[in-house]
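Structure record follows, encoded as structure tokens.
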Amino acid sequence: MAERVHLRRLAGTSWFPVAVGIATLVAVGALVEVLLLAGVMNRYMLPLPSDVLGAFRRVIMEENILSRTGDTAFEVLTAGFLVIVFGVPLGVLFHRFRILRMALEDWVAALAAAPIVLAFPLFLVLFGRGPKTVIIIAFVYGIPPILLKTLEGLSSTRGVLINVGRSLNMTPTQMFWKIMFPSAIPSIFTGIRLSWTFCLVTVVGVEFLVNLGGLGQLINDLAERYDLPGTYAGIAFVILLSVAFFIVLERIETWLQPER
Amino acid sequence: MAATGAIAARPRKRTWLDLESGPAPSRSAVLGVRIVFAIVVIAIWEAISASGLFFGDVVPSLVKILASMWRLLIQDAFWTNLQVTALEILVALGIGAAAGIACGIILGANGFLRKAYEPFMYYFSPTPRIILFPIMIMWFGIGVESKVALGALSSFFPIALSTSAGMALIDKVLIRVGRSFRASAWQMATKIYLPAMRVPVLTGIRLGFGLAMITVLLAETKLSNKGLGYLVMQFYQRFDMPTLYALLIVLFLIAGAGNALIGRFERASR
Amino acid sequence: MSTPVENAADPLLVIDNIYKRFGTDADATVAVDHMSFGVKPGEFVSVIGPSGCGKSTLFNIIGGLLGDYDGEVRVGKERIDGPHPAIGMVFQEESTFPWRNVIDNVAFPLELRGVPKSERQDRAHHFIDMVGLANFEKRFPSQLSGGMKQRVSIARTLVSEPRILLMDEPFAALDEQTRLLLGDKILQIQQQLNQTTLLITHNLTEAVQLSDRIVVMTYRPGRLKRIVNIDLPRPRTSEVVGSDAFGHYVAEIWNDLREEASRGMVDAEASISRRSAARG
């Protein structure tokens, strides 16, 4: 009885469930290791988890991981930068001219849902095999979310705040910079987070598909060499890196949210 | 004196901020803007095509693309490959949805499991899933199975997350209503939980469909011998640009239609 | 075993020495502190008290949705243990099913019991008519006003023909006019069906307008302060609100209530300043 109460208290803390989650992951890894060693599972499909951990070190030391990460980061950040430079003003423009919004918002939303990456062969032909092409594809992918979120943020400025501005006889420019834009910032940053996540996924995806520089190509190289533990380690590395990237973006976004 | 009076009486000047609150543009104006926009895009396209700025057929005239589209659509190759891809996507979505809804319900019903395992799903979902393709090939071979597996894996996460969120967000008073009328566990599930969750589940399925479709098609472009993704690569390697454009346009239309269809269900069930 | 014959004067619903507290030993809140009272057949009883006095806790205990308390709730001679078929609950929150239209919402309890479709439509129709929504049967809740939605909930509970109607501030989210009109409706239905009713509320006018007896609760811990008999003539309508006798009752009960409500307010303010002090 006392034990159950104790467990219930533990379950209420914030770290305990997380610890259970991580413990489960470790346990699954250990189980797979045992099953592989016992020959129940096939080693040609799954490498030993301990080998994968070992390969981590090898992949990091021997595969130019720093310069590859640099290549990918360069592409992601360039596309991300361009997306902000074009996406936010486009959102403002759509807000400014309501007719533009009514005519084209649905089209932008459709663009956001369309499987554009699939057109990567076209982009290769148009812009050549190089980082430029990767950046352009990521840019096209990243534009809609930031545009739509900027628009949403601006148009959901609370009416009473706009009336406050009017009562103070603010000029349109003041209204924009002092009221509308600041109140849209949290939404704009949500757009940035979405766009940048899209950019990262697209950049790594295209790199993998066309075997072109950066981290995506690393996975390809390792897989083509039939380096099983290396492939798994490489994939895990890229996933961890994207999670870290995502968490940083998310932190910034929460930090920008006004206090409730 | 007179001057201040004049200022006070003057109607406030319409500023560009008022455009939001002003009268809505008419339908014909909206249509007009759409048409003008489309014409401008087409004109630019045709101008680039005619200018010879790009080599050969890289930017073909729209007439050429439409002609290729016609030739593409009367080919058997298109339809047989469409069948393969559609089947892969549907099976992937079916598996992903069944597993996702089941996991979502378990996680949504249990706060502890939710806290323990949901972070993994949440943080895994914005990662480039296509890089798991080599593993899928090791496990399921280079045939349709590996594409289905990757598609199922991709669609699983949004469906599970959105089901679990939907479950946790059910209005608690509706559950109390069910209990106060002494509904059985089965009745609670079928008459309260499932209908209350239908919108988030459908949203998850819509997102899952998008991801299953894109991963299946991309996997086909990477390594396969049938399917529309394979066809894309065929036209690319033959440098048959007009047909490549035509095929991509058809694909985008199919994707849009699928999305719109699920979106309609979603709205109808609100 | 023979069922004991119920005397008309015997209470149909008995709240017997209910005690309920929340939290652990160190910092426990007593929500309901040894409350006892009864509701006789056909009687309309209101429980009134300031916000935070444990009224809703009492509601959930009587409805069988909350366990783990001391004391007993009985229907006739039977001790309840979980939701009881004789008790029909109407909740404070908007509780219609958004995916069902009005008639399907109201027919819900009958559907659970496996009543055939045509019969449940007929019975649902009868009660929809009674709450005055006959023209809205095919509408969905999203197309109705707050007051209409609450009437749907009431009809949904009435259709199960509970011996005791148990309501928790069903008008809390409505504006004053709608409240008075709905009060009228409730009076009319209650008198027409001779429905035994227990209403939980913090609204004094509403309680006096509707009740035969009013149970006044204290602010935390929720104890019974006193029971007031309302000897206003029946059948009543909302016009009773204008009478002298009505004003007299309101003033009398307000005296009791004011003391409790101000204790509640002081408490709330103290907890807010504690919280901001902790944050600062």
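In order of appearance the chains are A, B and C, and numbering begins at 1 in each one.
One rule holds in what follows: contacts are C-beta pairs under 8 Å (C-beta built on N, C-alpha and C of every residue); 3 or more make two chains touch, one makes a residue touch a chain.
Since the model is a prediction, treat every value here as computed from it, not as a measurement.
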- Message: Looking at contacts between chains, which pair has the highest count of C-beta pairs?
- Response: A-B
- Task: Could you say which chain's mean Cα position falls nearest to the mean Cα position of the entire protein shown?
- Result: B
- Query: Which whole number of Å gives the spacing of the CA centres of chain B and chain C?
  - Reply: 47
- Task: Go ahead and note the Å separation of the Cα centroids belonging to chain A and chain C.
- Result: 51
- Message: Can you compute the centre-to-centre distance for chain A and chain B, using the mean CA position of each chain? Integer Å is fine.
- Response: 17
- Message: For a test of understanding, state which residues of chain B touch chain C in their complex under the given definition.
- Response: 171, 173-174, 176-177, 179-184, 187, 191-192, 195-196, 198, 269
- Note on the structure: Contacts from chain B onto chain A in the complex sit at residues 15-17, 19-20, 22, 24-25, 29-31, 33-34, 37, 54, 58-59, 112, 114-117, 119-120, 123-124, 126-135, 137-139, 210, 213-214, 217-218, 221-222, 229, 232-233, 235-236, 239, 241, 244-245, 248, 251-252, 255-256, 259
- Item | Residues of chain C that touch chain B when the two form their complex | 63-65, 82-83, 85, 87-89, 91, 93-95, 97, 99-100, 108-109, 111-112, 160
- Query: How about chain A: which of its residues touch chain B in the complex?
  - Reply: 11, 14, 17-18, 20-21, 24-25, 44-45, 95-100, 102-104, 107, 110, 113-115, 117-122, 124-126, 155, 162, 171-172, 175-176, 180, 197, 200-202, 204-205, 208-209, 216, 219-220, 222-223, 228, 231-232, 235, 238-239, 242-243, 246-247
